[in-house]
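What follows are several structures.
Shared between the two complexes below is subunit A, which has subunit B as its partner in the first and subunit C in the second.
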Partner chain A sequence: MTGDASRIRRQNRLSKGLFLCFFIGPALLVYAVYNIYPIFATFFYSLYEWTGIENTRTFVGFENYARLIRDNIFHRSLGNNILLVFASVLTQIPLGLALALLLQSRIKGMRLFRTVYFLPFLMSTVAIAILWMFIYNPTFGVLNRALADIGLASLQRSWLGEPSTAMWAVIATICWQFTPFYMILLRAGLAGIPEELLEAARIDGCTPWKSFTRITLPLLVPTLVTACVLSTIGSLKYFDLIYVMTEGGPDSATELMATYMYKQAFRQFSMGFASAVSTCMFILAFIVAATILSLDRYRARGGN
Partner chain B sequence: MTGTKKWLSFLVCVFLLTGLLAACGGGGSGGSSSPAASSPSSNQPSASSPAAVSGEKKKLTLWFIDTGKRKELIEETVKEFMDAHPDIEVEAVQIPNDTYKTKLPVAMGGNNPPDLFHSWGGGWLKEFVNAGQVMDLTGRIDPENYLPAAINIATFDGKIYGAPLAMSLTLFFYNKEMFEKNNLQPPKTFDDLLRIVDTFKAQGIAPIAMANKTKWPGALWLIYLANRIGGSDIFTDAFERKGRGFDDPAYVRTGELIQQLVDRGAFINGFNGLDYDTGQSRQFLYTENAVMELQTSSYVTNVRSEMPGFEEKLGIFPFPAVEGGAGNATDLVGGVSPVFSISSKTKYPDEAVELLKAITSKELAQKFADHAGVVTAVKGVEYKDKFAVMMNEYLQQAQFLQPFYDQTLPPEMAELHKDTTQALFGKTITPEEAARQMEDAAKRILDK
Partner chain C sequence: MKLLKSLLMHLLAVVWLLIAGYPYLYMIATSLKSQENFFRNPTSLISTYTYSNYKLVVDLGIFRYFFNSLVISIISVVLIVLLASMVSYCLARIRFRLNRPLYFLFIAGMMIPVHTTLIPVYILTREIGLYDQLWALLGPYIAFSLPVSVIILTQFAREIPVELEEAAIMDGAGRTRQFASVVFPLLTPAVATVSIYNFIHIWNEFVFALVLITTRERMTLPLGLREFYGEFSVNVPGIMAALTLGTLPLLLAYFISQEKVVRGIAAGAVKG
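Take a look at the complex of A and B:
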């Protein structure tokens, strides 16, 4: 009897397994072909010197990577990416949290603001880029005009035209675009905090600040970790706005790894070198994500 | 599971599978086209007949970048071609300039290139020729139909790889009215230009507009100044390594003059961050906040579609001479655009050649001249448009046409040339350093 029961159990598991494969299969196939394969293909191409427009390639081993390590512009773009990571994490997430908390409050008209605050995230990146290019226009743009109107004309700059201000101007636009996303993400996280905990704290005479730091924040940590991972990885891969607003200029002041890779691949006809840049980006993002997630697991297990 | 639940899950499976198959099928035929972001700016591939019924029609694809009136004229010609050849269907796709520069190499590399494609000749086309992607047209088209300077730009090692349609000349476009109000004449020398700059600066008007985010508008200044100072051969000598290099004193002096202009406040504010394609420099001329701009001849087409009322104030003058310089004030900087070539992988070479002849024909060139204010590369065209007449005069007087550096140099040097020039304008590099970097690169790349 036991033999029969275990055989039946095994059969059930087998048929369940097959059933699962049948459902996951198509998606897994698509994922493997369009995500996994290109990663390996990129690494493969990075070992060659290839123009990208012909069928012949020359094997050069790790020479592209050696060149990468010596490359000044790559160093600059890596620096810009790191700057973007810190700026994003330290701006978008706290701001998003502030907005999420604000939305939770019972101030009149908050529901309208929920839509309003979310709008930047819905706009196409190219539209945002062109919009902000007009705002930053040194002669006609709203920003410089406004500064003049409030008497701060000395602060006027050609925001996108000068290497010293260009990166910051673009970072500001990026933050404007993505803060709403974190607002929504953290709002969902906030919603997961049981109302009773906060009620109990209030009854016990807890100040709002204390209840925020002692109850809300700790319970939000998983969501915050997710937000951090997303923000960091996103910043390491970022391309869109920089490409449209400045193309990585002026004078490589806003160059990112992704824009550098793009130029190498499609302007310089150096597909091999560009693939090396791309592989580097992937490895970096992977290491960072793995670090954050494992640190989080360490924390979740209570530091064991 | 209950009966209805079973049915439901079956239906879901069917939908999922169909969705997957549809996605794969669509992706397959889309082949070389890059993802959603870079779809062609026109609403649909124009000039393709809506009811492509029989599979017997020979299909040709044509990729071009012309906009406005030029786009309309090309599409008209394609339609006439299809009417004359009922067995050929042509899909003519317009793609914006910068997107095109990415899309074509990707299509080539992905083994799915268009049958006919646009280029500017020179180094960029040569890359594709070297990769074996371009059909040799020697003997199939008659080079006598075209201006020598134009057909030469698509000729490599004595073989013809493209047919030109229109020329692009670089000239000053200026507001005649504002000049008249100040009793100014177009400058004959660089010092005249400086005086004009000072006059307008004193009135608080920016003299020269420029949108140099994409780096090539600034490069136009460098190419002209180098020519005026170093003579017609300066670039050829440096490029072909025949004596003078990119660190020649002429190039250093060029850098100095550029920075002199910048220091004088000759240009509008923040030019290195402004984008030319979205009109950020032209708007200064339209609003009379700037007086002139050094640009390619498509400026006229832009003015006509963006602010037709401005056209009556628009004038052109050629780049002035530099006193003591070795160059001729009649030399012109320009290029050929479009140059149409045929892919070596085309399935219908004979039909492709026929289409090529149609879109570089005298008829289309005449229409270009009449309606789009363009100087064409095809012989035998009569000019009636006032700008085309003027430009043609300059072209006739010119003994030498200097092509844009970034169309001739190999890609890495082309990018370095644009980068160093933008840095010169931004004053983040010295003229000596810029010249030295170019010469170092030339030694590394060209001295092989």
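Take a look at the complex of A and C:
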């Protein structure tokens, strides 16, 4: 009798195990091959000198990293990435919040505003990049024409062609693309704030500004943290738009770690060095995300 | 004071309306101009209209890129939804030792910068002989969509009442049957969100396509747009027609079901 019971239990466990393998296995396999394995492989490749085409590769230890530390273009791209992080967090999120608040208020023609505000995020990055290259075009671009029309012809320039303006021109385009995303994100956060709280504050004589800083903002912190994490990681790995618009030029004024990595790997065929850049990106993104999230956890605990 | 505030608000509203909307207007208006008309008056929004640019872009084979993008997007999304909901069902319903660790493994994937995997994925793709084929994109696209999809679907599956499955067990349904005929149908709202989110991202994906595909006939739409840009050089209205056509599908989806698309995109911001 007991033998039967334990046999049935064993059979049950076996069938549960089989079921789990069958249901989780395929996804886990794809995930492991294309997501987990490459992280280790990147680090492994970064210890070699290798073209990626020939089969021969030479072990050089941490030589690629030493080269990275001395490399001026890498410094430049790291600086640009950090600039992009700050520019993104400090413009996209506040602007997104302002727009989200705007969409909550009663303005005539709200449907139109809501619909149009979101449009930039729907265009593919490549399309945005090409479109804005024509907006910035020095001879027939809209921006220079508009400057001439309002009497500021002296400000006209080749926005993407000059090292001093290229990065800012690109950042403006990136903000155009991503602000709608943070608007949507923060609007969802705002919708989660109970109406009664704001109502009670109004009855108690709170000014709108006070109820914003004392109620809305504190309750919005989790959403803001998420927005910061997404924006920071996104900026550290940014590639598409800059690659299409400037390829990192002119004179590496808009070079990012990702564009540098791509060019080293697929133009210079210096896979080992590119892998070292790639590993650096991974470590940086990891550190930053972990820092923000643990700071947030610390804050949440302090609040209790 | 109140007047000033409302004035300021309206000002911001209108300014951002122009900033967000004008590039679209410019793109569409330019795509309808003839080339000489464009160079005579590059910024005007209203002028004589011609559809010749669209005809040119279609003749040059933009629909090939459309087709490729559509095929890879649809197949990827179907597989993602299937694989992710199977995983989510197990994570939400079955107790086993690796349940938590597996969930965290998938969440951690959200922190990985895609480009870190670019070189190994390129090498791997060449080694398994998929290089320069549309199918080479399938693996990376599925792998990078799994974290968000698994999190959304698992959270949703946990909310589904267990009683329904218990009733199915009474009727003698096994686990596979419970999943297929009870849980999966109830996941539909989350499946819609996940599908929209992933479709938009895969439709617009650029860097993997750039690295893994070189032959023109196999390129996806973002790569194709770049080809047009390279070939057309000064034919600005032609390029704008290509950009407009390329943006049209998502634009149409957005106008048909604004709320669903917006919800789908906001869903990408989940935090474990």
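What to note about this one:
Everything that follows uses one rule, which is that the second predicted complex is superposed on the first by the 273 of 304 C-alpha atoms of A that agree within 3 Å, B and C clash if a C-alpha of one lies under 4 Å from a C-alpha of the other, contacts with A are read in each partner's own complex, and residues count from 1 in each chain.
In this section, a residue touches a chain if its C-beta (ideal position, glycine included) is under 8 Å from a C-beta of that chain, and two chains touch if they have at least 3 such contacts.
Just so we're clear, the structure is a prediction, and the values are computed from it rather than from any experiment.
On the shared subunit subunit A, the superposed partners subunit B and subunit C overlap sterically. In the superposition on chain A, A:Leu160 makes contact with subunit B only, while subunit C stays out of contact range.
Shared-chain residue A:Ala41: touches subunit C; no touch with subunit B.
Of the two partner chains placed by the overlay, only subunit C lies in contact with A:Trp176; subunit B stays clear of it.
Applying the stated contact rule after C-alpha superposition, one finds that A:Ile130 touches each of subunit B and subunit C. Within the superposed three-chain model, A:Lys263 lies in touch with subunit B and out of touch with subunit C [touch as defined at top]. Shared-chain residue A:Met271: touches subunit B and subunit C both. When the shared chain is aligned, subunit B and subunit C each come close enough to touch A:Pro26. Touched residues of subunit A were counted for both subunit B and subunit C, and C has more of them.
When the shared chain is aligned, subunit B comes close enough to touch A:Glu247, but subunit C does not. With both structures placed on the common chain, the touch criterion links A:Gly52 to subunit B and to subunit C.
Mapped onto the common chain A, subunit B and subunit C collide along 273-281, the only clashing stretch among 165-173, 183-191, 255-263 or 273-281.
Counting contacts by the rule stated earlier, residues 23, 26, 30, 52, 126, 130, 140, 262, 266, 271 of subunit A appear in both its interface with subunit B and its interface with subunit C. Within the complex, the subunit A residues that touch subunit C are 16, 19-20, 23-24, 26-28, 30-31, 33-39, 41-42, 45, 52, 98-99, 102, 105, 107, 112-127, 130-132, 134-135, 140-142, 145-146, 176, 180-181, 184-185, 188, 222, 226-227, 229-230, 233, 236-237, 239-240, 243-244, 258, 261-262, 265-266, 271, 274-275, 278-279, 281-282, 285-286, 289. By the touch criterion given at the top, residues 13, 16-17, 20, 23, 37, 101-102, 105-106, 108-109, 127-128, 130-133, 206, 213-215, 268-275, 278, 280, 283-284, 289, 411-412, 415, 419, 422-423, 426, 428-429 of subunit B touch subunit A in their complex.
Note for the complex: subunit C touches subunit A at residues 9-10, 12-13, 16-17, 19-21, 23-24, 26-27, 30, 38-39, 42-43, 83-84, 86-87, 89-90, 94, 96, 102, 105-106, 109, 111-124, 139-140, 142-144, 146, 150, 175-176, 179, 200, 203-204, 206-207, 211, 221-223, 225-226, 229, 236, 239-240, 243, 246-247, 250-251, 254-255, 258, 261-262, 265-266, 269, 271. Per the touch definition, subunit A reaches subunit B in the complex via residues 22-23, 26, 30, 51-55, 126, 130, 133, 136-140, 157-163, 166, 246-247, 249-252, 262-263, 266-271.
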